[in-house]
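Below: a set of structures, written as structure tokens.
Two complexes, one shared chain (subunit A), two partners (subunit B, subunit C).
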Partner chain A sequence: MKKRFLAIFLVLTLALTLLAGCGKKPSEPAAPEAASPPEADAQALQELNVGVAQDFDSLDPHHATAAGTKEVLFNLFEGLVKPTSEGQLVPAVASDVKVSDDGLTYTFTLRQGVKFHNGDTVDMQDVVFSIDRNRIAADGGAALIPALAVIQDLTYDDTTLTLTLSEPSLELLSYLTLAILPADYEEQETAPVGTGPFKYVSRQAQDNMVIERFEDYWGTPAKLDKVTFRIIENVEGLVMGLQSGALDLVMHLTSTQTAQLSEKDFHVEVGSMNLVQALYLNNAVTPFDDVRVRQALCYGVDKQDIIDRAFDGYGIPLGTSMFPSFGKYYDESLTDYYTHDVEKAKALLADAGYPNGFDMTITVPSNYQPHVDTAEVLKEQLKDIGVNVTILPVEWGVWLSDVYGARQFESTITGLTSDNMTARKLLERFGSQIGNNFTNYNNSEYDEILAKAVTSTSDEEQTALYRQLEKNLTENAANVYLQDMADLVAVRNGVEGLTFYPLYVLDVSTLYWAS
Partner chain B sequence: MKYTLKRIALLLITMLLVSFLTFSAFDLVSGDPAQTKLGTEATPERLEALRHMWGLDQPFFTRYFRWLAGFFSGDLGVSYHYSKPVWELIASKVEVTLCMCLLSFLIIVVVSIPLGIGSYRLVGGPFDWLRTAFNQLCMAVPPFFTGMLVSYGFGIVLRFFVPGNVPDLHTQFGAAIRHLFFAAVCIAIPRIAMTIRMMRSTVISEMNKPYVRTAISRGNDRHAVLTRHVLKNSLVSTVTFLGQTMAEIVGGSIVVEQVFGIPGLGRFLVASIGYRDYPVVQTIVVILAFWVVAVGTLADLLNQRIDPRLRLGGRV
Partner chain C sequence: MKKRKLNGYLLAGLLITGLLLLMTLYGAIHTPYSPTAYTGMKFEAPSAAHLFGTDKLGRDIFSRVLKGMGTTLSIALATVAIGAVVGTAVGAVTGYFGGLVDDALMRLNDTLTAFPSILLALLVISLLGPENKYNLILALGIVFIPSFARVTRTAFASLRDVNYITSARLMGAGNLRILLVHLLPNTGRVLFPALTIGFNNAVLAEASMSFLRITPLETSLGYMLSEAQGMFAAAPWYALSTGSVIALLVFGVGLIGEGLQQRDKEA
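Coming up: the complex of A and B.
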């Protein structure tokens, strides 16, 4: 019995050895043809593989919060109005928008014959459902978009929707880019349905999401047939995917990464991330509650040096919580309010009672390499003014709960965006009574201007007020504003039509393979 | 039989302990799934609502026993991050990881056992030092490094497979296995080196035992003694070692999946820990722990069949 068992075991081992010896080798030469460069086939079919660095948090556009998710969902959904690449809002699911002179009544006309991806025609019930889903608090919770609270009354018939506001809100339209979804459809989270130029096909967690052109789209049809978003969370993986042919386009790369790609296969397009990268200070903790200390840090930091050393020169220096894509709202003169000046910084520190500097901790989300790199350069720079920096890398989840949620931090580096193209979003968060004011900035003058600005009825007046807010942030050195980071996009040669938006989105509907 | 039952009971207790430890680990680390899910748009009200929906406002033991009850009734829960049943999410990933691990194990067995026995013949020979040096090198290089080299060499230069694009295991079985093969080799290399070293030293120590001297002095040739007696006696430690190897492979797969962009359990586990997606992490950890413990149990039971002394409760 024992012997037979042993014999069988040995024979099996031997057989496997032989099998492997014969089996593995002949299969290898066959490999190259089977794995022929995928881009050749993709081109014929107008298919595109896009690499993304993180998985999507929710496919329900009203619940998605991560910038990396919204960037992709932009292709599946539309609101009553939608943004263009020039930053204008144009009618989408609505065919026409009228605003009364007093700014209190908005009238939308529903575009006829707009179809959902499931084949149903969009009717007014769907529109009202979608707005109410964001406007009215679910039981026990808060409204998804608190700014919609200004809508006092909502009346509609089959073709027109009238919104009556309790007070004027110049930015209401920006919020009405919110996605129009089929009323009472329960599976948005797992099988999303919208009206955009692409429709959802499938998704594998931590692996990919596939979308296809929506043939019944009301507007300019997309050129590509199919787009696959591949999720590759490791940084080398994205570059390797491009080199191997698994990916055709990757956004948000660093200059180190794009340098590894051959010019024969790829070109790099440079846009802007449309965010405010800064050393955000917790204004409520010592020593950052002293304006002189914050100003000293501003003088001690050399923005251009950071851009040169950590970003190979790509990036636009900023001096306040606003970036150039916002056009009239952006006050460029604030950028050089604090010029790099070590002596002035030291004098300010001495004045504030820190003649020998102090120790501080910068908490950085470790999954964002650019922020980590920035922290390294800052550490070097601040040494010159006697400030000793300890860099504390934390996971994104920890950053969200400890830094952003609980405000348990001294300083942090991150980038803040405005996902709906309102200047308000970038400035409102520094109001002392605002829930997401994680820097604890507390300035009564700022609060007063902010209150005036959001209810202003004149565009001109509002713009002026917003610029005052920017100036207030700069003068009081609320944070050490650094730059609007450059967005480097690697695109396979042959793929054309990439459009940059003043938003964090990737519009794949304009992309195509040039023959 | 009694022994088998005892082992299975031990297995269950270990699993319970593991699940409890993972569950409590999340109570100790910083980070909140609701906050992670809502990101920078979290408001206290929305956080509260989510926590309530997920039952995170319940006391620790209530949550643990609720999870345990669900687990035993086949309900693994719903992922926080993906709002989908956990099993639906991980089923395809279990297949991928299992395929890769089995492939890797096969490679290890097939390569290292013949080489391990063969390397005994080099003992004292002029090339023994070369073998030792090469073996040390293979053991020292971590799988993620070989992984990077292999991805670049075989993937990008030679184009035997496309890094970052694993074909579907169901529709393109051959192509998927070819992709996984390269990853499996990277996991296997250090373990092959270790198995060879282990086999070599076991064979040497057996060959120095009195029964071998007796057998040879009775006129048997060395080769016959080696195959008929020594190998049989080396089998127990080999099986034990291969059992450990099976467990180690799973650990290696977590790293290698990241490098090769393979959508397996390891990659999913790492990402889910980042999202604080407790139901997913809990399930994957239990699966991995089960794998490790079950393989160990299997190796023990197998050894019992091989060596009767173990069956009687003795020691080798």
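Coming up: the complex of A and C.
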């Protein structure tokens, strides 16, 4: 018996020692064992391992909805035009774009000799197929991109495509970054084919996706030969992957995570995530259907305190559904519309019939540690106004289906992005009739302004209308807007060429191993 | 009756467990800081002001451990209570009456045992919904029923036909009276060690469940350990203090169980 207990105690001690071993690995043993020989190979072959926090929801670029998927698919696909890191749109599959003076006619010239990854040459049929796939509603459903409904007439010959619009649309070009796919190709979901600088090689669900440089790319060729995206849903696994040498680059880390990496092996580049992190409220459930309750939450939250405590001061506080890199659309004055004020929050709650506060649940995707940390700080802050928070961590897949899809939630913390260069994507989703309005925000004034904004013909007027929409969201406290999170990217020393975009994308075509 | 001695195991176990229970009780009434509030610098090393240091959000880890013990212990106790009461009832009925009831219930029992326990608990939670912490207790409780049922069934079955039970039956005692008054007190010898083992398993099960983050996020030892895992380089004291408390808790109760068995052997 004595022996048994000695054994148990030894096992426990051993377990703790092992744990200690895990933590210390990065500095010493990993370096000679894992890093040097494979690293030498990787440099010769120009291979890169990138860690991502979630699996890809779809490899069909027209059907992918998760920002984390689009971020990666950016490397495989291109549209007639594509965004640059400066936020401009430049011709891609089209070689030239002409817009008529009245803004009603767009003429695209097809770039000659652009190849798909399967070797076929892109012809006009492919372009028309790709546009129509997004423009025309599949039986019964809504069109994938409702904004393309302004295209009244589409005519083409072998080299030019002419779009005639029913009314001028300032944003049409942004939407024509949509991926050009081979016409009538059925296996996009399992073996995607596009025209981007990288081509798809293989994918293991829940594990990885491999892409290789596309040798026949029409533009500046990618520098890396091969990139492997490794899916590691465990929040700490990403850091361990970096430390062990399995990963070379991971985006969207927290300052706590990057602090664990040694400067000898990694450098950290700081950009902005270009997303709106907020406590998103389901405006259709009690008590969040009462504007006073939502405003009380806004007053109860101290954004700067969240940024300081959970993000080491990195991050830009936001007051509405827009972020600074969208320049003229961003109304900075809304950031301080609600200042942290416990008394005001309590008064509003009392007014709404909750003098003693209430209980609420925040559902957070458990694979995003920044959102989990934010929830913990929020819980503490809201306690002061009598609101008792339960934090419910759920898997990413469950979050997508239950929260984003079925809208079965009270509140959630996430970041919303725009995958093209328009403000519209960030604001349209709060229209009451919009399919992805998962917060159920329902405001008739908002719907009216939105309708006016999307059909506006003057850039100035449209910008003003978008800013009105932002103001509407803030005044009605549609959600508790928090911040545009800082994007901390851990990059293995020797890897260079990281470019930040004003979009949520990771361009691996500019990365390379410096010798 | 011979006076039963405290043996070394029992003494050590009672000391460790008693100390931890006192800390938990103290934590329920008062913690040095609020377990969730920002109290100072991030990642402060252990000091007089912060016995176990602070974590990445600047929270006092000692206060969190005190609070976490409360959460973990209350869930473990409730779980064992469900498992023990229902399990003993099932064991008593099947062991005492035997026959068809015995066969039916014990086969059901076998089926439950066939599942790995964590998997079974996950299944029950996904059926009940993860929103509520009582569902976690219920799920773990159900998982713990089979082991108690099996252990107590053997005890009841072995005592069913001994002379004093037959006498009691002849004197007209009802089945319920025999089960509760004559049989139950005599199953203590197997029940107490089973309780201590069950309690330890419950502590570990709760820790695993909250480590996996499938239940509402609460300050419990398991959740803290999963947090600490990611901060090992920055704050090794977090993982060490939390892990040691879990280990000590299990070790202490394990010693008590061992001590009880030793004492019974000597008696």
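Annotations for the structure displayed:
Following the convention adopted for this analysis, the second predicted complex is superposed on the first by the 466 of 515 C-alpha atoms of A that agree within 3 Å, B and C clash if a C-alpha of one lies under 4 Å from a C-alpha of the other, contacts with A are read in each partner's own complex, and residues count from 1 in each chain.
Methods note: a residue touches a chain if its C-beta (ideal position, glycine included) is under 8 Å from a C-beta of that chain, and two chains touch if they have at least 3 such contacts.
Since the structure is predicted, the reported quantities are computational estimates derived from the model, not experimental observations.
Once the two complexes are laid over each other on the shared chain, residue contacts for A:361 go to subunit C alone; subunit B is not touched. By the touch criterion defined above, A:246 reaches subunit B but does not reach subunit C. In the superposition on chain A, no contact is made by A:86 with either subunit B or subunit C.
Contact with subunit B, but none with subunit C, is seen for A:232 once the two complexes are overlaid on the shared chain. In the superposition on chain A, no contact is made by A:215 with either subunit B or subunit C.
Once the two structures are overlaid, the count of subunit A residues touched is higher for B than for its counterpart among subunit B and subunit C.
Once the two complexes are overlaid on chain A, the subunit A residues touched by subunit B in the first and by subunit C in the second are 5, 9, 16, 20, 24, 236.
Contacts from subunit B toward subunit A in the complex involve residues 30-33, 35-49, 52, 79, 81-84, 89, 92-93, 106-107, 109-111, 113-114, 148, 151-152, 155-156, 158-165, 174-175, 178, 181, 231-232, 235, 258-259, 261, 263, 267-268, 270-271, 274-276, 305-306, 308. Interface residues of subunit C, counted against subunit A in their complex, comprise 9, 36-38, 56-58, 130-131, 213-214, 216-217, 229-234, 236, 239-240, 243-244, 247, 251, 254-255, 258, 262.
By the touch rule above, subunit A contacts subunit B in their complex via residues 2, 5-6, 9-10, 13, 16-17, 20, 24, 27-28, 31-32, 34-38, 49, 51, 55, 57-58, 65-66, 137-138, 140-142, 146, 189-190, 204-207, 230, 232-234, 236-238, 240-241, 243-247, 367, 395-398, 400-402, 404-405, 416, 435-436. For subunit A in complex with subunit C, the touching residues are 1, 5, 8-9, 12, 16, 19-20, 22-24, 26, 235-236, 239, 256-257, 259-260, 309-310, 361, 366, 369, 372-373, 375-377, 379-380, 383, 390-394.
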